[in-house]
Every structure is written in C-alpha cells, then in structure tokens.
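Labels run A, B, C, D and E following the written order; every chain starts at residue 1.
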C-alpha cells in the first residue's frame, strides 16, 4: 500500500473520470457540464502522465499536450456557443437547449 | 431711442405679436403675448435680420398680485450679428407655455429650472423634471409667496410632525390649519 | 532532512519576509519618488524623513475595520486577496538572487515558464475580488483587469520565447550564466524584447499608464473598491510583489541578474567586490524606480486603446521579434 | 513513505475537489474548485517527473481555460440556477446507473492492471526517447519530429476554434 | 434625497446593458455631480446628469439681502473664480444704476479677473489631467495656483471667497509692491506653462485620450448653449471680453484662441493659450495702470431705480450672466438671477458622452470645467 504503483494512478484517474461523468449526467447547467468534461480530460491526462513515467516514454506527455490543446479548443467553441445561446434564450439549462435552431 | 433693426424686423413681420417694446439701460426687451410667443421666437431665430441662434438664458420673475403673475424671460443672442434681445411673456399660473427646446436645445435645462423654481407649465418639453430641487419637493421656491420659513424649520424642530404632514395628500391645507406658516404651498 | 526540508523552509521564511518588507519600503519609495517628482516632500512625520511610514502603513491597514459588504459572496470575497497574493509570493521560489544555491530556493529547469504560469494564476484574485464584491464598479474593473492581464500575458510570453531561443534554457540560473558566457547582457542583444517585456510588465502589474483596473478617477479604485483593512492590504501587497517580480524577471533576463556591468571586461573586476545579490537587488530597485517614475509622468490609457496596443502592436512585434531571432539563430 | 503520503493527500484532495466541482451550488464556486483541482493535478505531474506538462497545465488550464469559464459564468450571471427545474426522479435513475458503471469500471481497471502486473518493460512506442527529469528539450524534440503532423493539426484545430469562438460570440454588426 | 433612475426602457432590456451611477461621491465628478450612465459594455449609450446636491437657493437668498451683501454670496457660486463672479455682479448693478467707475478701478478689476482666470484654469488643468491619469500636473498646477491665491490674499485678505469688489469700484487699492510681485508671477507662470505643455501637449497618451473625444460642431455647440472654451473649441468666435467688453477690456490687446476640431484636445489647447493671453492682459494692465481713485461716486444706500437688466461677462467657464430686477422701492433686488456657465455647459455632457467609453466620461466632465457650486447655486 505504501508503494505507489501505476495502479494507484489508474484508480485515481478512474475515480476522477467517474466524478466527471456523474457531473455531466446529473448537472443541468451547461457550464458545469463543460467543467465536468474538463475533469474527465484531466483524469485521462493523469493516466497518460503516470504511464509515461512508468514506461519511461515521452509519448504520454506528448499526448497530454495534445489533450490540453483540444481542451482549449473545446472550451473556446463551447463557451462561445453558450454565450450565443444565452444571448437569445437567457438560459443555460441543458434541458432547454434541445432545439436545433434558435 | 431708435429701435434696433431686429426689433423693427419683428414688428414688420409679425404685426400685433409684440405688445410692447421696452428699453432700459442699454437692453431691448420685447413683450410678447403668450399665445404668439413661439411664433415670435421662431422668427427671431430664423429670420435673416435677427438670427438669434444662441439662447443665453431662460428665466422668470414672479409678480404675485398681478393676474398673469409670471414674466417668462428669454435672453437671446446672435453669434453672427452679435446683438442681444430679451423676450418677455406674461403667464398666469394655470396657463401653458410651449417649450422652445425645439428651437434651442440649450433651453432644456433652463426650462426645467423655470419649472422647478416657479412651477410654470411648460408643455412639449422632452424631459420636464425637477432639476435643482429633489424630485419629490413640494412647492416652487422662487415664487414670491413661497414661505421663507416653512417645512425646513418644521423639519428641524419636529421631524415626526414633518413626516406626518408630508405623507398627507393635501399638504397645503394641512399646513394652513396646523402648525405650518400661513402661506400657500403647492 | 536538513538539506531537503529545514534549509528550504528557512530560506522560504527569510524570502517571504524579505519580500513583504521590501514591499512596505517600496510603497514608501513610491510615495517619496512621486512626491519629489511633484516637488513635494512626501511623508515626513513618522520617523526621520518619514522612513517609519513603511511600518505605519501596514499597521494602519491591519488595525482598520475589515468590512464585508452584506451582499458579497463572503467566501470568495475572502479568498480573492489570498489568491492574488499567493502566486506573487510563490514566484520568488525560482528567482535566483545570486549564482550560489544559497541564494535561491529552487532552480528548476522550467523556471521561466514557472514564473509565467504562476503569475497567470494571480488574475483570479482580481476577477473574483471584483465579482464577489457584488458591486458594479468592481465588476467592470475586474472584467477590464482580466482581459488586460490575459492579453498582455500573451505578448510577454511570445516575447520571452524569443529570449529562450537566444539562451537555449528555461532555467533562470542558466539564463544568467548564458549571459556571463556571452559576455553581454541580453538587453543589448534583444532590445525589442526588453521594451516589450517591460511594457507588458507594466500592464500585467496594473501600473500607470495601464492602471485602468484600479483607475481611481474612473472606477473609484477598481476591483478593490469594496475592500478595506487587511484584505485590501493583501491586494496591495500582491500588486507591489508583482512589481518586484516583473523587475526581477527583467533584470534576470535582460540585465544579467547578479552579474556586474560588462561581465566580459576584465579590468572592471573590482566591481565584483560588491556581492552578487547586491547587484541583483540594486538593479531590481532601479527598475522599480522606473516603474514609479513612469507613474508620475504619464496619463492613463483608455481601455480600448490599451487593448489595441496589446493586440495590434505588442503581439505582432513580439511575433516579428521571434521570427527575426529564429532567423538569426539559424543563419549564424 | 513520503511519496505515498504525498500521493494519498493529493489524490484525496483532487477527488474531493472534483466532487465539489460537480456538486457546488454556485457556478463560481464550482469554477474555483476546478482551478484548485487543476493546480493539484499539476503538483501530481511534478511528482511524476513531468515538469513541463505541469507548467503547461497551470498556464493553459488554470491560467487560461478556467479564466474563460469564470468569464462566462460571470457574464451569464444566473438569477436562478437551472437545477431548480430538474426532475428528481431522473436524478435518482441516473444515480443508480452511474453507481453501476462506477463499480464496473473499477473492477475492470483493477483486474486489468493486476493482469498487467508484469507489464512489458521499456517503451510502448517505436520512438523511444531517453527519459530523464528535466525533459522540456526532449519533449520539444519529440513533438517537432515524431509528432509533427499531429502537432500542426492541433494548431489548426486551435485556429479553427479561435475563429469559431469569435464568430459565435461576436454580435452581428448593426444589431 | 431620492432621485429615480433614468427612464431606461425596461421593455427592451439587453443583457449587456448596465446602468451605473457615477457620483455623487466619485473622485472625478468634481463635487457632488451624479451622472447616471447607461452602458453597453464600456460604451456609454446615454447619460443623465442629476444635480442639485448643493443647491443652496442663492437666487432666493439674494432677494432678501441688500445690494452690497449679495457680493459675498456671489463668491460662493463659482468658488474657484470668486473675483469674476464679484465682477459680473457689481457691473450688473452699476449698469442698472448707471454708475461711472473710475478707470483705475476698471483696470484693477480686469487684472483681478484675469488673475482669477489663471487660478481657475490652473485648477481645471490639474483636475482634468488628474482625471486622465497624469498625477503630477495636478500638483504643479496647484503650486502655481497657490501663488495666485497669495496675491489675492495680499490684495483682499482672503484666499478663496474674496468679496473683493464693490458697486462703483473696489474696496481697496492694490497694496504697495503688489504690482511687482504680480509681474514676477507672470514671468514665473510663463515658464511653468511650458512645463505643463512638456508634460501634456505632445504626450502620445494625452493626445490619444483627448483627440477626437467629445467632438462637437460649432453649430451644435451654439444650439446647446455651450459657452466659453467649449464653444470656442468648436471654432465659434465668441468671447464676451471682445464682443461686449466690460471692465477695461476694450483698452487691451489680446487674442481669442479658437479651436478647429471641437474635441477635448482643442479645448485643452484653448485654455492653455488663454493662460498666456491672461498673462498678456495682466502685463498690459500693469503697464498702463492709471492713477486715481478706485471708488466712484456711489450713494450710501444702494437703491436702483425700478427696472431690469441682463449683464454678462466672460468668466473662466464661459458666459456668466446676471439678470437683475429692481422694484425701485426696497433695498433688495426684486429678482436676482444668475446665468451660470457651468450649468449650461454641463447640459452638453449628455450630448458629448454619447458613444464614448466610460473613461471618456471623466475626460469630458473635466473638459467642460464645471464647478458644482455654480451649477447648483
């Protein structure tokens, strides 16, 4: 138990991932859903970095960089959509964002 | 004293509109009937010989015993011809006066002040509110019959009374019958 | 245990205290310098020539009533000044005051990036302070501030990349050593970058002429309008600590850190008689003086002008500088 | 010992903050917990000898993306939290489903990593790079050689996202 | 005192609109002016000035003071240019009573008025620059203003509310040696003006903050009733010192600076030039200062004949007019009306700020040069 193996990191990652998924499914505020997605991405990153350290391979870290880039892109576009939607509908409730046009 | 061109021009163009022309220590004043005030002012602003494009001041004077108690006074100036004139109209308390903000936007606040201080009914004003006094103020301070001692003193001596008085609908009557000074407040 | 825990902790304690003391005296210095610029005397009452004013000010702020507005978000309101101050102090962990490991807490290989990233956290203090106050002026100011900080951060980071190209290392000790080896301060090799970083630094620390977020005459004090007492003091400390950070970064990267002037000219060796850290601190204070001097001289930019300066001038110039540096690096 | 202590502390904090992010009532508090969460993840990266990634995590995630979230939360400035309209029965249902999924996942992860106890040593990818602490330079090297095309694609993605965000958020002229 | 918020149309409320209250406690509204701004982001959609916070009813008060006592009430209107207010009032009374004022008194009045203009513009310059963020100019300008106040103190014993003029002349002649001090002040001031201009005139940031900010055409400025530097900044040649000379202005040689663009920078340049013209007038006044009494023949009890008059002079802020009505029976004016230049100029603020940014609002309040004591009276 005192030795920290990749298993520990994987478990941490899995738990964080689940927290993120629960957030996505339970919360109705789009912004918080987005934040939960960020948590999920982070969970993945933890795994990648841990394995990169374990396997002494930089590929894991490279992927983390890519994941961060994708997360940035996702946040920018997603939040842009939220703002645009909020302007028209004055809501961020995911249940009200089901129509395909506004 | 020879009347200046501007005065003559108005008299020619709008016969009958000018009730009197007065001259005193270098100032010319046209006394105009209230009904034709806007017409005269418009002429003064637009006509070539007068061209009073600048409204220096709008003010009023209160002469209480008179039937039409207010003198509404416009001080005009021409930046082109560099001459001045004053236009005066007599107004009663319940009469209405057209706003001149359409001619001179400058008159906006000045007319508000006249309304605020004298309570002259100015109509067609874009934004007629109290300006110097608080919005909920009662009465018009620059009127000659405005009490010099009144609500203010009452407020200081007995705030509770003042609050009670203020919240009553007919304040003037209450003041007259109660502790207030024997004068009229609107 | 001694080397890994006790000594670093001791160093941290000394450093944090030194920074806080430096900040109080920096405030005094600012007041004095501005006073002299304006042909006044400045504070004169507390101690000889007002020197003890540096102590009186913090004592006053600590003793003042600490007001939390009724409608404020209380936790965030308290957290904001802390979030503003902590990054400003954390940055000092990698600032080397001299060549010897005694003079720094840690020399990490991503030192410069560390500074950039940690200072970027400081923006939270400002945004949250403005938001939590639940008041319009602080909110406006905090929106301004965060937009300003983020855009100038881009310019500064872009510029620093060209410096990294020149040095080939991100370690701050390494950068200074590189300057010793090349025998010339990088400020002379990268003058454009120096100017850009300095302007960006002014903007990132909300100093005149970019002090819009706390423009007294526009926003009645900006994001800390609703703050008082100790929490206000923390914001204040953070701002001045950030000034010291920016000056330190500029000195380390462009002015040879603890190196004496002309490190390659041998006969100037007598200048080494002064200890390295004195050179460093002296240079830092010289830059702080320039900060203050600018504040006393220049009017304030308008928000849109500030943004267009950042985006339309600084960032393109920074990118241009980067390209030119790269070309030089490849050609020579 | 110290390592384990650090890991468990960090893990507990990260998970706790994760829960707070998801459960916080106010969106601003949620964002705050998210920032601290990311900072702690960065610390975790440092313990895994990934300083560069840690710094990038702080710079891009904490200093950039989350600021964006905070901005949006402040702009949107809700009068009523959307949760007020939600359906409690659906919450219960999704809770059940999720509990099952969590269990399944943990089982899968644990069993697979137990099987992988004797994981293949050495590198997984063909571009094995000597791995030392202080790997910024190597990381750059790998990024610009082996992963050049993905790197460029990522930059294109960012550009597109930037343009898209501006187009979305910009109000149309004359509106 | 409750004042309702401006009538922002709530029906078409946009999420980006923000109504903020600037003042009455705000460092750059120069007193207790309250400006209610309707903002779209940082852009001002509409502004509404709420004034009257220091309304003391000066006009009403004056109806119950005798003609001499009013002079000290005029001090308290534009309290940074008290001498100018005194001058306008005493001249209006003199006009009403047709009193001849000795030439020496008129000269000294002119000098005092111009000195006052320098003091008032110093205050304007300092606060205007301060609003835009130039800290140091404030201290510099106030340093020179102190010299003016010293000179006034030596002349009449007061530093702010001078009560320095009387109907028919002056209460006192200038003290011995005063003219020499004034001359050396003029020399000093010229150098200091160059200092100010070094700090501001060609400063890029200053230019950026003032150029094309609050542009108003001459025609519109006339329509809005702007006066003084804001009107001249739009290129309208109107200066009562030239158009309707009072005191001894017709004997002096000076120029009226005019702007071309009608923006804040032009108004700044005009006031800077007015400093120099004021110094020029003061020098001419000192050179040609005639000998003689400073007080004309005035009845002991002032009681103008029944009648009314409007007399306007060029105060540092613009056209300062006094409309006096005497009923010829009492020793008080029947009606005392001031045409306050700040009041009329402030009216233009609504027009000037529209479409500009919040930061420009303070620059524009500064460029109008208001004194709330005069606006509210």
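FYI, a contact is a pair of C-beta atoms (placed from the backbone, for glycine too) under 8 Å apart; a residue touches a chain by one contact, two chains touch by 3 or more.
All figures in this text were calculated on a predicted structure; none of them were measured in a lab.
Graph distance from subunit A to subunit C, where chains that touch are one step apart, equals 2. With contact taken as defined at the outset, there is no chain that touches subunit B as well as subunit D. Any chain that touches subunit C and also touches subunit E would be listed here, but there is none. By C-beta contact pairs, the most connected chain pair is A-D.
Of all chains, the one whose Cα centroid sits at the greatest distance from that of subunit C is B. Ranked by distance of CA centroids from subunit A, the top chain is B. Averaged C-alpha coordinates give centres for subunit D and subunit E that are 62 Å from one another. Mean C-alpha positions place subunit A and subunit B at a centre distance of 70 Å.
In whole angstrom, the spacing between the mean C-alpha positions of subunit B and subunit C is 61.
Touching of two or more other chains is recorded for no residue of subunit C. On the side of subunit C, the complex with subunit E involves touching residues 34, 37-40, 136-137, 140, 144, 208-209, 211-212, 215-220, 295-305. Looking at the complex, you find that subunit D touches subunit A at residues 1, 3-4, 7, 11, 14-15, 18-19, 21-22, 24, 27, 30-31, 34, 37-38, 41, 44-45, 48-50, 52-53, 56-57, 60-61, 64-66, 68-69, 71-73, 75-76, 78, 81-83, 85-86, 91, 94-95, 97-98, 101-102, 105-106, 109-110, 113-114, 119, 122-125, 127-129, 131, 135, 138-139, 142-143, 146-147, 150-151, 154-155, 157-158, 160-162, 164-169, 171. Residues 18, 20-21, 26-28, 42, 129-136, 138-140, 143, 199-200, 203, 205-206, 208-209, 357-362 of subunit E are the ones that touch subunit C when the two sit in their complex.
Every residue of subunit C that touches subunit D in the complex is listed here, in rising order: 73, 75-76, 79, 108-110, 113-114, 116-118, 120-121, 123-124, 127-128, 131, 139, 143, 146, 150, 153, 170.
Residue ranges of subunit D in contact with subunit C, taken from their complex: 26, 28-29, 32, 35, 39, 51-52, 55-56, 58-59, 62-64, 67, 70-71, 74, 134, 136.
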